[in-house]
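Handing you a structure now.
Letters A, B, C, D and E name the chains as they come in the text, with residue numbers starting at 1 for each one.
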Amino acid sequence: MHKNLKKLKKKSYTAPGSLIHIGDEITHPVKISYIEYSNDYYKFEDSLDNIYDCFNENDTVKWINVDGLNNISMIKEIGNYFNIHPLVQEDILNTTIRPKIDDHHDYIFVVTKMLYINELGKLTVEQVSFILTSNYVVSFQEFSGDVFDPLRERIKSASNIRKFKTDYLLYSLIDGIVDSYFNILENIGDRIDSIEDELLLNPENKLLQDIYTIKREMLFLRNSIWPLREVVNNLTRMESTLINEKTIVFFRDIYDHNIQIIDTVETYRDILAGMLDTYLSSISNKTNDVMKILTIYSTIFIPLSFLAGVYGMNFNNMPELNWKYGYPSFWIISLILIIVMLRYFKRKDWI
Amino acid sequence: MHKNLKKLKKKSYTAPGSLIHIGDEITHPVKISYIEYSNDYYKFEDSLDNIYDCFNENDTVKWINVDGLNNISMIKEIGNYFNIHPLVQEDILNTTIRPKIDDHHDYIFVVTKMLYINELGKLTVEQVSFILTSNYVVSFQEFSGDVFDPLRERIKSASNIRKFKTDYLLYSLIDGIVDSYFNILENIGDRIDSIEDELLLNPENKLLQDIYTIKREMLFLRNSIWPLREVVNNLTRMESTLINEKTIVFFRDIYDHNIQIIDTVETYRDILAGMLDTYLSSISNKTNDVMKILTIYSTIFIPLSFLAGVYGMNFNNMPELNWKYGYPSFWIISLILIIVMLRYFKRKDWI
Amino acid sequence: MHKNLKKLKKKSYTAPGSLIHIGDEITHPVKISYIEYSNDYYKFEDSLDNIYDCFNENDTVKWINVDGLNNISMIKEIGNYFNIHPLVQEDILNTTIRPKIDDHHDYIFVVTKMLYINELGKLTVEQVSFILTSNYVVSFQEFSGDVFDPLRERIKSASNIRKFKTDYLLYSLIDGIVDSYFNILENIGDRIDSIEDELLLNPENKLLQDIYTIKREMLFLRNSIWPLREVVNNLTRMESTLINEKTIVFFRDIYDHNIQIIDTVETYRDILAGMLDTYLSSISNKTNDVMKILTIYSTIFIPLSFLAGVYGMNFNNMPELNWKYGYPSFWIISLILIIVMLRYFKRKDWI
Amino acid sequence: MHKNLKKLKKKSYTAPGSLIHIGDEITHPVKISYIEYSNDYYKFEDSLDNIYDCFNENDTVKWINVDGLNNISMIKEIGNYFNIHPLVQEDILNTTIRPKIDDHHDYIFVVTKMLYINELGKLTVEQVSFILTSNYVVSFQEFSGDVFDPLRERIKSASNIRKFKTDYLLYSLIDGIVDSYFNILENIGDRIDSIEDELLLNPENKLLQDIYTIKREMLFLRNSIWPLREVVNNLTRMESTLINEKTIVFFRDIYDHNIQIIDTVETYRDILAGMLDTYLSSISNKTNDVMKILTIYSTIFIPLSFLAGVYGMNFNNMPELNWKYGYPSFWIISLILIIVMLRYFKRKDWI
Amino acid sequence: MHKNLKKLKKKSYTAPGSLIHIGDEITHPVKISYIEYSNDYYKFEDSLDNIYDCFNENDTVKWINVDGLNNISMIKEIGNYFNIHPLVQEDILNTTIRPKIDDHHDYIFVVTKMLYINELGKLTVEQVSFILTSNYVVSFQEFSGDVFDPLRERIKSASNIRKFKTDYLLYSLIDGIVDSYFNILENIGDRIDSIEDELLLNPENKLLQDIYTIKREMLFLRNSIWPLREVVNNLTRMESTLINEKTIVFFRDIYDHNIQIIDTVETYRDILAGMLDTYLSSISNKTNDVMKILTIYSTIFIPLSFLAGVYGMNFNNMPELNWKYGYPSFWIISLILIIVMLRYFKRKDWI
């Protein structure tokens, strides 16, 4: 995480509003996809070369998706066309900022975080930001992903979505991102279940590492979801001409989903805290068990060894040594001692 | 719990407002019961086949109860008749959402959670949602249960309830659900008592599991009750023509019960936390006791064994071996050592 | 505590507003005392048989005290006379509800909890509820107690109190209840002190139980006091004709006392938490001490026993055995070893 | 602390507004000092006998300081002169109440707590309350102290203070009390530093006691400072003719100091919590070290003792006993075993 | 930290508004730098001797930077020129106060904390306060540093900044300070990473110290950042003629950065708490491992030693001693015992 802090630090010596990409390095070329539609019109361009091809004044809904943030001049061109404040342009490129919403009258700027498990099984955070104007939604992704593909299908298939304006498109995009959180929660839930099963069978140090890995991933999740709640809440209350009143009920639906995710995260946190306690107490229990075995062995054999030692002494005058049944008596006494001790431990519930 | 998350995930690729049942699978057929009443009129149909038989424009109070959520087309028909927003229809079928209230002017949508101990002794959560209109209450249950049977009796017996409108019916339904929480609390309280008794007699690992099971059940309870407080609070403050001012005092009564449940849950949480501490400290105590036994035995016999070892040595010139009272002296010294050590441990309060 | 939950559960199948006493069973007969006074008038009836003797339309202050809640018909008669809402009548009888205040325009309903240490030394909670009208205060107690006796004396002795109306009488009653909390705090404070003294001398398991008993009593206390704060706060802000503006300063005084009690409770909680830590760390310390003794003994005698064992071997060719000073040398070496080890432990601060 | 609760309990049987001093017993006689000043006038009386000498209608600033609260009739005379509400008079004498501010239109009543380390090194709390009228400040102290002496000097030396009215005098007095908290913080800071140094060198049980003593003192501090913040905050927002607008900036300065003290207290709390963890983990570490020594000794000598025991056996047919180099071989084997074990422990980083 | 408390204590006996420098002693002479600029004008004076050279009535932006706070008369001269309230002058010199903002109509006073790692690797806090008037920004630093050098460069290079007024200059200064926090976070992040790596390889006591050092540094950070959030938030909402509406978006940008820092700090806190748990549980694990080794050795050899002891006894009549294969049998029995025990431990997963 703090790798990006280093870039922020370097940037901190430059003027505010200067455009520098802050985030994991991106090597693939920037890809622009473009969808334009109205109730009875649909146009799709997969990878545009020239951003200017996207700009027109038609009263259609237009969605420009920018995959990759390393083409700074293109960000600038978009910024100029929509008259975006330099600080907003900076924020699009700075992938370390938290989810937020800024209302700039002519456009609304929304920052969200998309979460997915990458091919190495690691939780990965990707910043997705949106510019909403009356006719455009521009989305900026760090990497190309397919979370929006089902949405593209729905637009193409002339579904309900084509009847609405850009605010509903923004809703659909954020909805897709929030839905992706459920994948993460499911993945975490599966892992919590498997840790829990092992915890009872075989509590070992590796499980502790696993618990902390999940805890840390939940920190990521929390950092993405908590501010998003505020963002969505603002969207439902925003007095902007860009948000139609009828769309608000949809944003409220996202809000409910968000709350549900937060509830699940909090529940998982409590469960993990309980698992940690279980782990620690089972280590104590194991130490206790080890101690018991040691104590049982020691307390049984220490007196017997003493007895054997006594009759190994070389005093001249030890009458027992000459008794006829001296040796068998020793064994009998030993056996009695062992039985008495074992009973004692049994009564103490040690064996 | 996160089994349902998987279904949510699948659903996440579909358009919002598409009706898919999300929850534990339901195999039994959907059952519709229908009650219509006014002050001097009463009609009851146990299992209707056709939902349209319930629809009429009389100025009576009508209660439609839908048991089972797998008949999606029926939900749609109800939705169309009452002009329910698609997202609300989606929420009726999605049993993972948290309790909430949505005021849609013509109708109020309420989601609650019913809790009961199932036949396997496990705490089970069932979603019950309500549509309140001026003449109808429609209730949707996942499974058929008898929590509303006493209410049906009261309606049939021409009690007070027949003087009121649908808002009082809604109150009675929610009241029945909140009352069911007291059963859960009582069950948990009994189990806490029995764990507590055992904790003093015989602190073993199983108790820890029991404590965590209860803790987890309380998480469920909390997730159901906390949002319900907000729901009921909203009902008492709602400026809706559907809620009569005289009914508000009844909703406030539910609110008080809800607060009382929350108080009890919080008290139980504190008690459980204390039991956990007791458990952990009694494990430490047991380790300490084991250590003491080991130490008492070792410190008594180790010097004696050494002494026996000394007189088992084969040096040519060991005068004690030839003393007349050498051997008895050994035993006397041993006894003195034992007595001294035992006194020492007694003074230390170890034995 | 959850015994009462069971009754609540049974009740949950009955209609709201049906009067059932929920609480510890009461066997003694209901006792009604009645005081009527104005600035120059005083009348006292210790145990009235007929509740109707209390009802008159004079412009005097009348205080009806009902001891015991098992005479449901009498509660109903009072309810009818003052036109009390059925739910309020239900709340008077349900002793599981938390402190609250309800303003019903013509009367104010207040629920409080009285705490006292019973004859078995156990903290006991008793519900005391009040109906305040312009000329009446009706108080309902579960059991007869003497917490209001000083107040009766003050009314009788024509003190200041006779110049005020019913609101000041209500203030005096609640003030008496809040003052009773100081007794509890004092009792708890004494016990905390005595536990603390013992904790340093002799930390044993019983103290842990004592600490948790106090912690649980404080939960009771907290459940009674926290909502009472809200009650009293509401009384100071209530815009009711029943509360004279001049009386508000007195209610604010109760509020201050309440805050003071809450502060003390929180301070006690912190102190108890600290005592728990002390207890746990002193157990760890004791284990450590036991370990040290075992280790000192073992490390001293294990090498010596080995040495004794060596010279107990039966090899044919062991020159030391035939040395003139072989045996004394053994003892000298042993002594040196003991001294070296003791010095080592001294330096390590173990002895 | 709860000694005073006992007095409160006794008082609880008396009528509200009856004047009883609640606090540590005061034996010294009450001392009244009186300062009257305006821009060009100054009068100082060290110990007045008659409180009536302080009362005049001049337009000067008058400060009456009452040291000791055991002269109840004098409190009454002051109360009558300024027309103080009986409950306020009660609060002046009740030294158990928390800091608060009451605006009674003609006068403002402020309760604060002065903290100092007494001659026995114990943190002591003293209640100081103030009556502010347009021409008077009356201050009530439990014991005579010199915290206000610097202020008296400044008044005498015709400083800036003489240009202001009573509100500025009140500010100066409260400022003196808040400044005294810095002494306490400094004292606590010194002790935390010294505990910290010892904690690394020699973690013993006494340090735990010291940490808890400081923690408890900080509870006192917190109970005094947190409500004072509210008091001072109210003073800056109070719409009273007694507080000049120009003085508010000074009260805000006290507010800032107060926040700073709260910050420091919270920081100290965090540091103490960390020290507690360090203490506990160093006890665990010590137990671990003791265990290691025991284990090293045991694992080295237990096999050797066994070997010695073997060759101490009396079997007839033990060929090794007759070998020429049997005995030296035993020592060589023992040495090899010792070296192997020591290497093993070295690799394990135990020695 | 509490060294400065001592100075505060001394100061507490002086009148409010008296100027005394409270903070680490400063020995270097005070240095004044002066920059004056407008869109087309630029003047820079590195070290001015006479503060009066800075004062003029031009409509340019003027920035006076004072390095070092030991020249009290100069602070006074500045205070007089800008008509600064004595308490504000006091606050400039008192480096113990927390970040705050005071709006005094003609000027705004802002206190911030600059954090840096000093040459000894220790986190150091330096107070930087600002006076903002319509034409001036006066900044007061304790020590001279280069955090503002990039800003000076930007002003010199006629960048964007020259188009704005003093409010933008203030923004740039605070922005520089907030950016410096990212350095600290990066440094802490690096150290957390390295501790984490070692924690798994070699958990030793030093790491605990390191964790607490970081925790304490984060306390500093938190004490600086949390109040700064309030400061910046106030700046964005302030209704002052000194803050242009267009600048507010820039302050909101700082606010976002600040929230991001707080998030990171909270995340680090959670990570550190997890590392602490890991540390403590790995100590428990190590104790457990030591115990296991001890127990394995003891339980294997204790019975064998007993057996050897038995056949070292000197009874006359021990038939085994005369058996032909007595001695080899002993070894075989011993080997069998060893193998059985090892299998047992293997099954228990101890070896």
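Going forward, a contact is a pair of C-beta atoms (placed from the backbone, for glycine too) under 8 Å apart; a residue touches a chain by one contact, two chains touch by 3 or more.
The model shown is predicted, which means the values in this text are computed figures rather than measured ones.
Undergrad: Since chain A and chain C share one sequence, what rotation angle in degrees maps the C-alpha trace of one onto the other, as a multiple of 5?
TA: Angle of the fitting rotation, chain A to chain C: 145 degrees.
Undergrad: CA centre of chain A versus CA centre of chain D: separation in Å?
TA: Each chain reduced to its C-alpha mean, chain A and chain D end up 43 Å apart.
Undergrad: When the C-alpha atoms of chain C and chain D are each averaged to a single point, how far apart are the two points in Å?
TA: The separation of the two C-alpha centroids amounts to 26 Å.
Undergrad: Pull out every residue in chain B that's touching 2 or more other chains.
TA: 284, 287, 291, 294, 298, 302, 305, 309, 312-314, 318 - these are the residues of chain B that touch more than one other chain.
Undergrad: Ring order, please: chain A first, chain E next, then the rest.
TA: A, E, D, C, B
Undergrad: Please output the residues of chain D touching chain E within their complex, sorted ascending.
TA: Within the complex, chain D contacts chain E at residues 150, 154, 159-161, 172, 175-176, 179-180, 182-183, 185-186, 189-190, 193, 200, 249-250, 252-253, 256, 259-260, 263-264, 267, 270-271, 274, 277-278, 281-282, 284-285, 287-288, 291-292, 294-295, 298-299, 302-303, 305-306, 309-310, 312-318, 349-350.
Undergrad: Within their complex, state which residues of chain A touch chain E.
TA: Residues in contact with chain E: 1-2, 5-6, 8-9, 12-17, 85, 87, 91, 96-98, 100, 102, 202, 205, 208-209, 212, 215-216, 219, 223, 276, 279-280, 283-284, 286-287, 290-291, 293-294, 297-298, 301-302, 304-305, 308-309, 311-314, 318, 320-322, 324, 326-327, 330.
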